[in-house]
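Read the structure below first, then the notes.
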Amino acid sequence: MNRLQIDLPGLSLKNPIMPASGCFGFGREYSRFYDLSKLGAIMIKATTEMPRFGNATPRVAETPAGMLNAIGLQNPGLQKVVEEELPFLQQYDVPIIANVAGSTIEDYVEVAKEISKVSNVHALELNISCPNVKEGGIAFGTQPEVAYAVTKAVKDVSEVPVYVKLSPNVTNIVEIAQAIERAGADGLTMINTLLGMRLDLKTAQPILANGTGGLSGPAIKPVAIRMVYEVSQNVNIPIIGMGGVQSAEDVLEFFYAGASAVAVGTANFVDPYICPTLIDDLPPLLDKLGIEHISECIGRSWKK
Amino acid sequence: MNRLQIDLPGLSLKNPIMPASGCFGFGREYSRFYDLSKLGAIMIKATTEMPRFGNATPRVAETPAGMLNAIGLQNPGLQKVVEEELPFLQQYDVPIIANVAGSTIEDYVEVAKEISKVSNVHALELNISCPNVKEGGIAFGTQPEVAYAVTKAVKDVSEVPVYVKLSPNVTNIVEIAQAIERAGADGLTMINTLLGMRLDLKTAQPILANGTGGLSGPAIKPVAIRMVYEVSQNVNIPIIGMGGVQSAEDVLEFFYAGASAVAVGTANFVDPYICPTLIDDLPPLLDKLGIEHISECIGRSWKK
Amino acid sequence: MKKAYMNIVSHEKIARNIYEMTLQGELVSLMNHPGQFVHIRVGDSLDPILRRPISIAKINKEEQTFTIVYRAEGKGTLLLSQKKIGDLVDVLGPLGNGFSINTVPTGEKALIVGGGIGVPPLLELSKQLNAVGIETIHVLGFQSKEDVFYEQQFLSLGDTYIATVDGSYGTEGFVTNVLNDNPFSFHTVFSCGPTVMLKVIEEKYSTNYPVFLSLEERMGCGIGACFACVCHRKDDPTGFTYRKVCTDGPVFPAGEVLI
Amino acid sequence: MKKAYMNIVSHEKIARNIYEMTLQGELVSLMNHPGQFVHIRVGDSLDPILRRPISIAKINKEEQTFTIVYRAEGKGTLLLSQKKIGDLVDVLGPLGNGFSINTVPTGEKALIVGGGIGVPPLLELSKQLNAVGIETIHVLGFQSKEDVFYEQQFLSLGDTYIATVDGSYGTEGFVTNVLNDNPFSFHTVFSCGPTVMLKVIEEKYSTNYPVFLSLEERMGCGIGACFACVCHRKDDPTGFTYRKVCTDGPVFPAGEVLI
């Protein structure tokens, strides 16, 4: 028995650890550090229909126990991702979750339709929560009706299960999660970054050229845990949790809250080996806690 | 000229530094460390009509660069605050901002009416953003109409200017701030804590007895700065900024974002002398940056 | 009560995961009562951010030193355990009320019951009691042989009984096993340790003896301002009266607060 | 490219706020090109969380050491400056492309222009150029006399001119003052320093000489995965083609990217 095996819609995960979208590019760079087949899955960088340059630099700033980013969905565009990036990843025995973004519902539909046809793409992650683009992104993720509409439109065309990535910058995340569930989503991924800002002491201007950016890293973990805890008790679709994970203990905390798998973002920048390290650290931690299979941890904080 | 002097509705502040509500009790404890007359003002612990015990313990948990609290508005009640706590503070030359809380609009009105009559209470701070109580609190601060109603009701009875404390747990903080401004508020204070949670590795249960708690400390500063930046450009009433302040540089960052004064919460627990230290550190920092008067810094990130 | 950077003059491991650290500085002149604690900042970084409450285990006025004993387990205490002699530590204290040694009439005996990391403050207590001529009996519980510390120091002050849960040293079981097996005679009971232990001590002795218990609670400020550490009064278990562990305690007479 | 804990074998202040640190470990076997950098974790804490990119200033294969020179100014570099000999440092590297010394034909001269904290990588560059018989001229700019470092080391490799903004040492003004006053002859230009300086160098020389510039950009991963450090290509200033400073750079031939 593989005590880390988790099965989710479209995804047979040999372990529940995967790099989060935007923090792992399309895998090439990290493949120089370790064998990507070790990973449970890979969430690739957001893909839009057309190539995008993203925002001006500086695009990152440091904050206490966290960082701000305003990359702005830079990516080579659908065609190049399908023709160059995904084929590169074929050599690894690892399911790909394609992060899909756009400025209009049509954009999402277009990308979803094409990218879901690629054989190693086992699921989509609809990015309706990017705080760093002027159009689309977060605007789709903060209103239940809009979130419903884009999810439904994508579900209609996708050849693989659809996960929707939630924004934490909302008053009532349960309401949005439920709308997305009603629209037919197969799962949720959460959380994307919190909107934040840093100003330079000397110039008084924002450090990020974009002004605001998305806050990630350990600083946001308590917010992520709270949201996974709330949402998991109010939907019947699985959740891939993320936000500040950097240790096997953090992984279990997300499981306890109600996640069925965990994505790792910022921690990849701190330690390029973090994902395989977490995978290796989990079994001894389960031993220490007397847990047979990691799936027993899902929702343990609220399950009777 | 006092280069730290700031004048706000009801408040003539000899400097813009004040302890945040709930992090300084009613001043007695810190008066053993330094002369409270040094402070710009004091925001006292939330006061409700009746005494409250608050939540079960544990009420605090630590998080990366921050902490969670779920005190639950414990306080001795209006009568005792008026008869025992505020008189104690009379001996100091410092304006008091009374933090007012309740479960119904009537509660707020009742407390506001009475407490605003006390001579050293120079302003009220309406706490419509406490995440740690079942009724009232945050529920008033997440919907523009409700925030409007409670603000208006309190404005009608208060003998001193009314500041309203905003919750960061909302999709659109500008909308709420504007509703509060329309209701006649004299100023805003922001931000209260972000809703968060921590789970225990061994038991899988929340560390806080209350389950969730409010996240404060440096971890939330980027979120606070972003919100002050957004709100200050869209209202015409002054803002007292807070969230993770722990250095004179942080104070200026809040000013640049648009605050006219700054409150210090969690940092009091780290260093009981933090407020006088910040007050002493500001003039040399202004010198270093070539700034004559701290008021020049207000909104410098966005003012032309 | 003050905040000061104090100098580490000794620091060693004295049992499994248990460290003893001695700090020097003027702050010691304010330290008087056994059972008081200090609130320690383990580093300058924002992570961890909160101070750690640790009891005063020994006070040496002449050398201006005091000693703490702590278990290195979580993030903060693990960082503390890495500090070296000569390093400075940010200490806020002394905090809390401490044990009152005057409650034991001259010529009477005191029973001192400690469990695990609750043992350290009882050493200074025992010393001060003995210094005013009060005999002390010590019953100390630990998990296992590797966890036992300060046995010799207590022995030099009075009869000392050790219990270990796994029986690898002393009596097998809990401090209650020792207490049930031995017909000690004493006037007052002082105890510090896990809450379950304190409850048992309270039940067992509080009807017939004065009993003083030192409680633990998660803290914010440590000085009475944040309301993190409150507990209900026993005579008002659901009301709004309260006691703060950090300032009204950590030591309470049995029956005062709900534990 | 690897991640390793390396041992500090020397660490000293060599100018105002400027520290030189030498680290030892196997990672050095991978270091070859001047202008490459390492990504350093200044501590184990989550604050600060990101690594700091710092250029390799000297490589010593025999002793398995390499040297960095950095300005202690912000949170991370100040923490780094507190490290002691014998401490371990978490180093990721070597990263980036580095300067290519093959671009200078044998017998030709290279002009090396550095500003402030851009000076360190140019030392290893100059060494490697001289090692293959290429003469180097060094023009180095600093704020003030107290900020000057490595003058002797560059002097031992070739003619070295210093400019200080306040005129307290060498030529008053910027490196351009030196460059305008002296009719140097050379084949290729290498430069590292503040962006304004790089722009001037590019404008002044890129039409007539091969020019290589080392850029700085705020980084996340340092290895090409996060898209934090991209810049536009000069031939597509508003399009979506790009170069990453961390992997395509930090060294670019003048004209390749928009600076």
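By written order: A, B, C and D. Residues from 1 in each chain.
We take it that a contact is a pair of C-beta atoms (placed from the backbone, for glycine too) under 8 Å apart; a residue touches a chain by one contact, two chains touch by 3 or more.
Just so we're on the same page, UniProt names per chain: A, B = Dihydroorotate dehydrogenase; C, D = Dihydroorotate dehydrogenase B (NAD(+)), electron transfer subunit.
Source: prediction; values computed, not measured.
Taking the CA centroid of chain D as reference, the farthest chain centroid is that of C. Chain B (Dihydroorotate dehydrogenase) and chain C have Cα centroids lying 36 Å from one another. Centre to centre, using the average C-alpha position, chain A (Dihydroorotate dehydrogenase) and chain C are separated by 46 Å. Separating the centre of chain A (Dihydroorotate dehydrogenase) from that of chain B (Dihydroorotate dehydrogenase), both taken as means of CA atoms, is a distance of 34 Å.
Shown for chain C are the residues that touch two or more other chains, namely 46-47. Residue positions 64-66, 217-218 of chain A (Dihydroorotate dehydrogenase) each touch two or more of the other chains.
Because contacts link each chain to all the remaining chains, their graph is best described as complete. Touching chain A (Dihydroorotate dehydrogenase) in their complex are the following residues of chain C: 46-47. On the side of chain A (Dihydroorotate dehydrogenase), the complex with chain D involves touching residues 22-25, 28-30, 32-33, 45, 51-54, 57-62, 64-67, 69, 71, 74, 76-77, 217-218, 246, 266, 268-273.
Only residues 63-66, 68, 142, 169-172, 194-199, 201-202, 204-206, 212, 215, 217-223, 225-226, 229, 244, 249, 252-253, 256-257, 289, 297, 300-301 of chain A (Dihydroorotate dehydrogenase) touch chain B (Dihydroorotate dehydrogenase) when the two sit together in their complex.
Looking at the complex, you find that chain A (Dihydroorotate dehydrogenase) touches chain C at residues 64-65, 218. Chain C contributes residues 1, 3, 41, 46-51, 75, 92, 217-232, 239-240, 242, 247 to its touches with chain B (Dihydroorotate dehydrogenase) in the complex.
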